[in-house]
Every structure is written in C-alpha cells, then in structure tokens.
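Chain lettering (A, B, C and D) follows the sequence in which the chains are written, and residue indices restart at 1 in each chain.
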Amino acid sequence: MTAQEIYDILKAQFGEAVLEAKLENVADPFIKIAAGAIKEVSVFAKNDERFQFDYLSCLSGVDFKGKLGVTYHLYSMTLRHKIVLKVEVPTDAPNVPSVESIWKTANWHEREAFDLLGINFLEHPDQRRILLPDDWEGHPLRKDYQTPEFYNGMKVPY
Amino acid sequence: MTALTTYFNDIYRSVSSTMTGMRITFKQMISPTVTIQYPHVKMKMPDRVRNRLFMNFDDCIGCELCAKACPVDCIDIEVMKAPPTESLGETSTGQKKRIYVTKFDIDIAKCCYCGLCVYPCPTECLKMTDVYEFSEYDRSNLIYNFGTMSPSEVETAKIKVKQYDEEQTAKKAAAAAQAAAAKAAAAAVPPTAAPVQNAPPQSLDSTPTQQ
Amino acid sequence: MNELKLLLENPIVMSVLLAFVPIVFILVYALVTLYGEMKVAAHIQNRLAYMENGWHGTLQPFADILKLLQKEDIIPTAADKFLFSLAPYLVFVGTYASFAVLPFSSGFIGSNIDLGILYLVAASSLVVVGLLMSGWASNNKWSLFGSLRSAAQIVSYEIPGVLAILGVVMVLGTMNMQTMTQMQDGGIQNWLIFGGNFALGQKLALIPFMFILFVIYLLSSMAEVNRTPFDLPEAESELVQGYNTEYSGMKFAIFYLAEYANLFLVSAVVVILFFGGWTSPFGSFMGGPVWSAFWFIMKGMFFVFVNIWLRWTLPRLRVDQLMYVSWKVLTPFALFCIIAIGFIMVV
Amino acid sequence: MIETLEKPKTSTGKTLRTEEMIVNMGPQHPSTHGVLRLEVVLDGEIVTDVIPHLGYLHRCFEKHCEHMTSYQQVIPYVDRMDYVASMTNEMAYVVAAEKLLKIEVCDRVHYIRIIMAELQRIASHLIAIGTFGIDMGAFTPFLYYFRDREKILELFEMTCGARLLYNYMWIGGLSHDIPPQFVEKTKEFIVGFKKTLQEVNDLLNYNEIFIKRTANVGILPKDLAINYACSGPMLRGSGVNWDLRRDDPYTMYDKFEWDVIVGKGEMGTVGDVWDRNMVRQLEMWESLRIIEQAIATLPEGDVSKAIPKRIRPVPGDAYGRVEGPRGELGVYIIAEDSVTPYRIKARAPAFVNLSVITEISKGAMLADLVAIMGSIDIVLGEVDR
C-alpha cells in the first residue's frame, strides 16, 4: 500500500486528528497526527485489515526547540509496507499517550525518550529512566541542556 | 517414539556426540598452534594500518584543517599569522609557510584512530604510523607536543607580529588619512584598498582564537 | 644412631613420616597437573600457553603458587570468619585422608586396612562438608548456590559411584585395596576391565558389565570432583566461581590443591578398580616396587588427562539434567550390572 | 520447560516455608556479555522474574553527534555502537545519510560494502556463537571461532587499517578501495573457514549436552517476537521468514542468490534457544555464498567519486535500516540547514531484542537464563549506546 492510500484511509477515519502529511519528495513519507489521538490511530493501524502494522520498528523522540516530537516508524510484516507517524507536543506540557499496550517494544523506546528528552508518556506502565542513573537531573538530548558540573561529587566534563 | 526408545536414544547420542567431540579436540591438539609469542614475534602490519599519529612539523602550514576534522578534538593547535616580511621557509612540497604554529599538541589518549585528520591535510604532514606500543605510566606523557617552537621563539614571534600589526594599523591610519585627504581634495579618484598582501588560505577566515 | 632407630620404630613417628609421602606426592603432582592442564587445554585450543618461565614455561606453576602465597588473605567482613577459614582445610583433609589407603606400589601403602575402599568413600565424603561450609560462610548468594549444588551433586553421584565399586567388590571379594590390586596382577589380561583373573567363560561374561561399571564410575567420579561437564558448583558463567568466589590467596590455593588431589584420587580408584592398580601390563616384566609405583602414577595420570580432555570438549549440564543422569541413567544401570555380576559370580 | 516443582513438605505434611531470593546478575558477571545488570528473583533454581537494568555503558553518542562539525565525523561514533559489528553500523548510517542526501554510489561501492558487511556478519556471529558456547561451559569452540575471526579482522585491517573500528564506509563511497591481494585472501579464508564451521557444528551445536541445554528453553513465540519488534536471528529463530536484505533491499542484495534461514524447531520447539543459535550458524554459510558471488562479479569503478566535499543536506529526515548481525539496525537522521546533524537516533537491535528477556525467561532455571541471554546476543555497547 502506498503512503497516499494510507493517508487517505487515515484521513477518512480520523479526520481532524490527522494534521498534515508529506508524501512526496521526502526520504520517508510521513503523516502528522495530533498528539492526543496517536493511541487511537495506532490501534487502528495495527488492527485494520488493510494496514496490519504489527511491527513498530523505531520510536524516536526529538527536541524541536519549543516543541518535542515523537516519530513512529511502522512496518507491516504481512503486507510489507511502511509509514512514518509523527506527533508534536509543546515542551512545557510534553504528554503523549503511550503505545506500549499496542506494541510491547514501545516500552523501552518510550522509557528512553522519557529518559533523554523528558517526554511524558501517559499510561506507560513503568516509566523510569532507562539509560541514565535514576538520580540524574535533566534530559540530555534537549537542545537547551546544560551539562552539570558535578554528579554525586564526580566531575562530569573530563 | 516411546519413552524407552527416547531414553536409549538419548544415551546413544550423548555417547556418540561426546566421542565426536573428543575426536575433534584430539585432532586439534596434535595440529600446529596458531598463536605467536607476541613480544618476541610480531605480526606484520599491513600498509594501511592506522595506529599512532605522527606529525611532521616541518611541513605544517598551520591551516588547522586536521583539528577541525577530528571528531574528538584531540588536536590542539595555536597559530599566529606571520608578517609577510618574515620568511618561515617552505614545506617539502614547496608550499610557502605563512603562519606561525606556536602550539601543536595531539592528545593521543583521546585519539580514536579514525584517521579523519589525515585526509584533509594539504601538505600530507600528518600520518598514522604502524607503531602500536606506546603505553605510558603518566597520562600527561600521552600528550605529544609536535610543535618545535621554543617559548622564547614564540615570544619573539609574538613581538614581531605585534610590531607588524602596529605598523599595519599605522599604515592603515595613514592611508585612511591620506585617502580622506585625497577624497577631500578630489572626489573623482577612488580610494585604494588596504594593502592586501599574501591573502591567507580560505580556511583561516574563521580562526579568531589566537591572541 | 640407636636412638634414631628407636625413634623410627615408634609407630606414631613412623606414621607421621609415612603421612609425608602423600603430601609430597600431592604437591609435586599438583604442580605437574597444573602445568599439564594448561598445556593440554592450550593445545586443544590451538594455543601455546606458558612459554616464558623456563623451558616451555615449566617454571610457571611455581610462579603461580608463589603468587598465590603472596596474595592478601581476604576474609569478607560479613563472612563467618571461623567457618570461612576452616572450610578449605576441611576440603583438603577429606581428600588427603583418602590417600592413606591408596596402594601406590606393591611395596607402599599408607594403611593396609581391610575396609580400604569403604574408608576411602567415607573419607572423601568429608569434602561435601567443607564445600557446604565454605559456601555458607562466604555470605554470598552465588557461593551459597554453588555449595548447595555441589552438596546435592556429590551426594547424588556417590550412589552410582558406590554401586559401581560394589560391583567390583563382588567380583573380587575384598575391600582391601592392596589385595584388590594383587588379584589383578599378572599382565594386562588380568585387569578387571578385561574380565579379571577368572576362567574364560566367566571372564568374557564379565567384560561388558565391567566396561559399563567403569564408565559409570568414571562419570560419577568426574561429578564428585566437580569438573566439566559436571562443574555446576563452580560454573563460572552462571555462578561466577561458585563456592570459592570469595576466597583468595592461600585459601584459594588450598581449594585448588584439594581439587587436583581429588582428581588424582578418583583417577587412582578407577585404576585400582578396573586397570589393575600398580600392576605392570606385561606381567612380571617391569614389575617390582619401583616400577609398580611408576605404573600406578602413569595410569592415574592417564585418567587425569582423560578428565582434562573431556573438560575442554564438553559443555556443562544443567542442574535437573545432572540429577537425571545420576538417578535415571547411572543408578539403574549400575544396579542392573550388580545383579548381572551376582549371577555371573554365582554360576 | 521445567515443570513447576512442588513445595517441599515436612514429614507431617506441612508445606515448608521457602523464600524467594533476589540476586544481582551483573554488572560484573561473566555471562552478561558486558555490563548489564539483571535483577533476578529466584525460587530455588527457578527464575520467577527478571528485571534488566541498563545504562552502565551509556555515553549518549546521539548527543555527541549533535556537536559534530560534519556528517562525516559521526562515523567513528557509530563504529563504537556495536563494537563487534562496526561495518554494519557504518552501513546503516551511510545508507540513511545517502537516502537523506540522495547520493547514488557506483556498483563497486555497493559490492564492496556487501562483502564487508557479510564478512562482518560472520565475524559477529562467530563471537555470538563462541561466547554462547562459553555460557554453556564449552570454552574450546570459542577459541576455534576466534582463530578464524582473526583472519576476517586481518582482511579488514588490510583494507582500511583498523581491526575493530573501521571508519571505512563513508557517505558516498569508501575510504579506500580494496587492496589488490584482498580477493585472493578472501577466497583462501572461505576455504579454510568452511572446515571450521563444520567442525564446530559437530563439536558444539550437535553435542547432546548442548542440545539438551538449549532445546525447548526460552521459547519465543512468533507473535510475541513481532510485537516486541525482535529482529535478526532472534525473529527468524522464531520462525518468521523476514530478512531486511531480501524484504527491504538496500544496496544491491537483490542481485545475489541466497536463502533466508528460519528456525524450524529441529531439536525442540520453534523459537527456542537452539533455533536462534542454529540460525546464526547457518546464516554464516549464506553469508559465505553472498561473498563468493560478490567477489566473483566485482565490478570496476571509482569508490571515492561520489564522496561529497561538503555535506549540507536540505532539511528533512530519513530512516535507513540494514540487517545487522543482531537484526534491524536503523539510523534515523533529522537534518536542518546546517553541516551538523540535528538529531541522530539509532534503533539498536540488541536494545530491542533484550527487552523481551523478561517474557521468555520466566519459569526457566538459572542456567537457562544464561543460555537465553547468550542466545539474544547482546552487545552492551549497542544496548546502552
């Protein structure tokens, strides 16, 4: 299924929640989804006969200076097509619904995005830091992140 | 398969696969070894090997391309534009040197041996050698000072540059005054540009780090 | 001079002196095996191992021992200090005491008692106590795991091992190890693995059962000395180092020494039971006390080598499989052999 | 699987009180393949829960990349991600970057990249199976495999000068063409290596103890594997016939003749530890097939022609993925109008594969946990990045 068809179906199904799409002249065609609707869209994308996106190949968080974004790379093992979904949330209220209940693999990806970018995944069962120590302050992949001088009495920059 | 045949089959297979394994290990035991006695015997290094960085300071023109190419910032260079009156000699490829390199340090402890600094060097003075035994007891010994200018030389160079700069500013001021005077005298004559001698290489445009 | 003679005739002094023979032997043997194991392992793996100290690294075991002696003797703060220190010695004592009844040659046996093999089985069981003690006293979960595993393992494998011994005892009708060996004297054809010194029909009937008993005993002896494929108590990829994780320096060395001594002990028992102990394979040719000591040690070392060879070939079993092998394979087979041997001996 | 043991009872029939024990496996444990810490809850020998704690090797290379002065400088960093398979890391990054920049490289570059990636896959699988053998207590196969891995490393060293962290594949080309004696030496290696493969197959993979230890252990069902986005041998071991090299072809894999290996449950159930290990073992034969074809039909060309002098992409993003030895290795690059990448995210297969460990190790024994971990084939440099 081409990206255009996927977009059309999603647009028909969710209307307003599908914000925009860039399907041509890009490396990977993507569809922007309203942050609040990502869970519903994901459920639909996984369970719909035409989509069957059963494989979440990557979930990445991005800091767009003022906005935080999450990118979902979906793939279907049965139908062998793919699509990219993107959501954006403001940095001061970075709440994105978790898709952990749909794709279990999102669990660690979302923990990583929470850890490094401070995106809050709603209804995530186990939202803890994963790569950094539990008592680390700040979210390093934010663009305005300042490296701390000391961590537990150890000098940080070498 | 009934339980009993499985039982005996398992026993048979354990014995036979153990025998196979023992045969293989015995065969390997009597076959020649593949290791070498390292400090006494050394492997031959291929031509392209990338180990310790070596820098031929005589050829360095101070362009700082290597420092920019380094992903881990292990090359530390300080340069100073030399007055054009000064002759700094030539590189072995015949390129004229125009910049004082007052400091050229490579912190080999930080080096990641990627070789990215080797490619941009215009005079091919940086290269990766096949020396791989250079551990030290003191970490500070791993900072290699390739620069050959002694502190006193650096001082004299600084003074020379300063003098030249002062001269230049004086000249410029004079020229400006002259130009102003000329302008006042006859507006038709276009002012001459400030004397541009020996335009520095492109890459130097963004090196404001020096004193 | 007379006083010295008198002193030597004193039974206590004599036994103390005699007791030195095995310990000297163990020390020398441990060095040789340490070197041998490293070399065999290395050559199996296409490596060279020790090459630096002495000719082909022959002095390396001495250096290793010296290093272990110099090392700081660490006792963890939370450990039970008394038991922690006692355990390695207990392990060693159990093994060492068993050497008393080994007939090293036709002319030398520490204590020629009639219940030799029974004593050996009993004394070597002391090892379990030591291992359990070390694991418990270390106050380390991995160590505890290792020692519990080893206790379960050694106790389980004692049964097929003892049953195998029982089969041999039934054939030979004695528990005295010197007598056992003497009964197999007279050349390679008289060894029990080849049917022993019996009439031809009986001999041929005995051979398969003796072979099975030999394999059973070899396997259970390997399990008793905790060597691959039965090295679960110290499985380094699971339990770090098992019961001796917390040990260092001299105490660790003692564990090591005990393990190697135990290795020779069980190999020696295999030799005595099935391969004619110190008897020469050529009958009276190359016999005599000195040659017999040579044969005994050589045969023992051969089985040590087989142990090493197996160790570097096989992967490790899992706990439940270990128990499976003991209770469901070795023990029934051993019982079956005993019954069969009983029939053969009666008929 | 082990049937659940009944609680021990006293002679009067009362159930004995037993306690669960929590042990920390790692970060300094011989079989965690690095610095992973598993908090294991044990009931006797049986694992009731596993909680992985990662991050001991975290250096946030993604942050480093945002401070580079060019796209080129990222390559030494991605090298260090999965340090036993640097070539495929580079390949993933380069594929993503070329997708972003719309650079076309010549056939020779593609072929050499494929040869390198397949050699790297073999080298990586050799470590995976070798260390898995160590986990099982068999030390010797590990060294046989290392002996042959050494030859691959020599080939790499001859080509690009480094043995482990190559910086060989560049955006738009390669740092060097292959040296003249490379083809010869590779052919030599293949001949010798086939022998070793067969030998270790007999010594380890078909050893009865090894089979008993691995068959029916750590079974990962098909749907669970997909839901957890497992990839590579982990997914194929579970019987999913999916390989990026065939199903989403990058470079020129579609030119070659080879098969995707899928676990069949030969010794136990589909998706058990033995299957995963066997998929790796058989995949090496397929890699050899690809290499043989590639060196036989190596086209001519200039490998550094398409290397851009200065990389400044148009704003946008690209997700490039390749089939690494551990599975789908994806690199997600977001570019702004600058010479520095705005954001780079690596989708590390080992990281994703590891997340399934809690599911598949419940009810296994402690020794099985080690086997399961070995069969996932984690490289902590990649998990923690």
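Assume a contact is a pair of C-beta atoms (placed from the backbone, for glycine too) under 8 Å apart; a residue touches a chain by one contact, two chains touch by 3 or more.
Since we're looking at a predicted model, the values are computed, not measured.
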Work out the mean Cα position per chain and let me know which chain is farthest from chain B.
C
More contacts between chains, B-C or B-D
B-D
If you average the CA atoms of chain B and of chain D, how many Å lie between those two points?
33
Find the geometric centre of each of chain A and chain B from their Cα atoms only, then give the gap between the two centres in Å, rounded to an integer.
40
Could you work out how far the Cα centre of chain B sits from that of chain C, in whole Å?
62
Chain centres from averaged Cα atoms put chain A and chain D apart, in whole Å, by 24
Out of chain B, which residues touch more than one other chain, so two or more?
18, 21, 24-25, 28, 34
Two-or-more-chain contact residues of chain D, please, as numbers and ranges.
140, 144, 147, 203, 207, 209, 212
Return the residues of chain A touching two or more other chains; collapse runs of consecutive numbers into ranges.
none
One finds touching chains in the pairs A-D, B-C, B-D, C-D
Going by the contact rule set out above, which residues of chain D touch chain C in the complex?
2, 21, 23, 29-31, 45, 133-140, 143-144, 147, 203-204, 207, 209-210, 212-213, 365-368, 370
Provide the residue numbers of chain B that touch chain D in the complex, in ascending order.
10, 13-14, 16-18, 20-21, 24-25, 28, 34, 45-50, 68-72, 112-116, 128
Per the contact definition, I'd like the list of chain C residues that touch chain B in the complex.
40, 42-48, 51, 309-310, 312-314, 328-329
Listed in rising order, the residues of chain C that touch chain D in the complex are 41, 44-47, 141-142, 145, 228-229, 231-232, 235-238, 240, 312-321
Chain C contact footprint on chain B (complex, rising order):
7, 11, 18, 21-22, 24-26, 28-35, 37
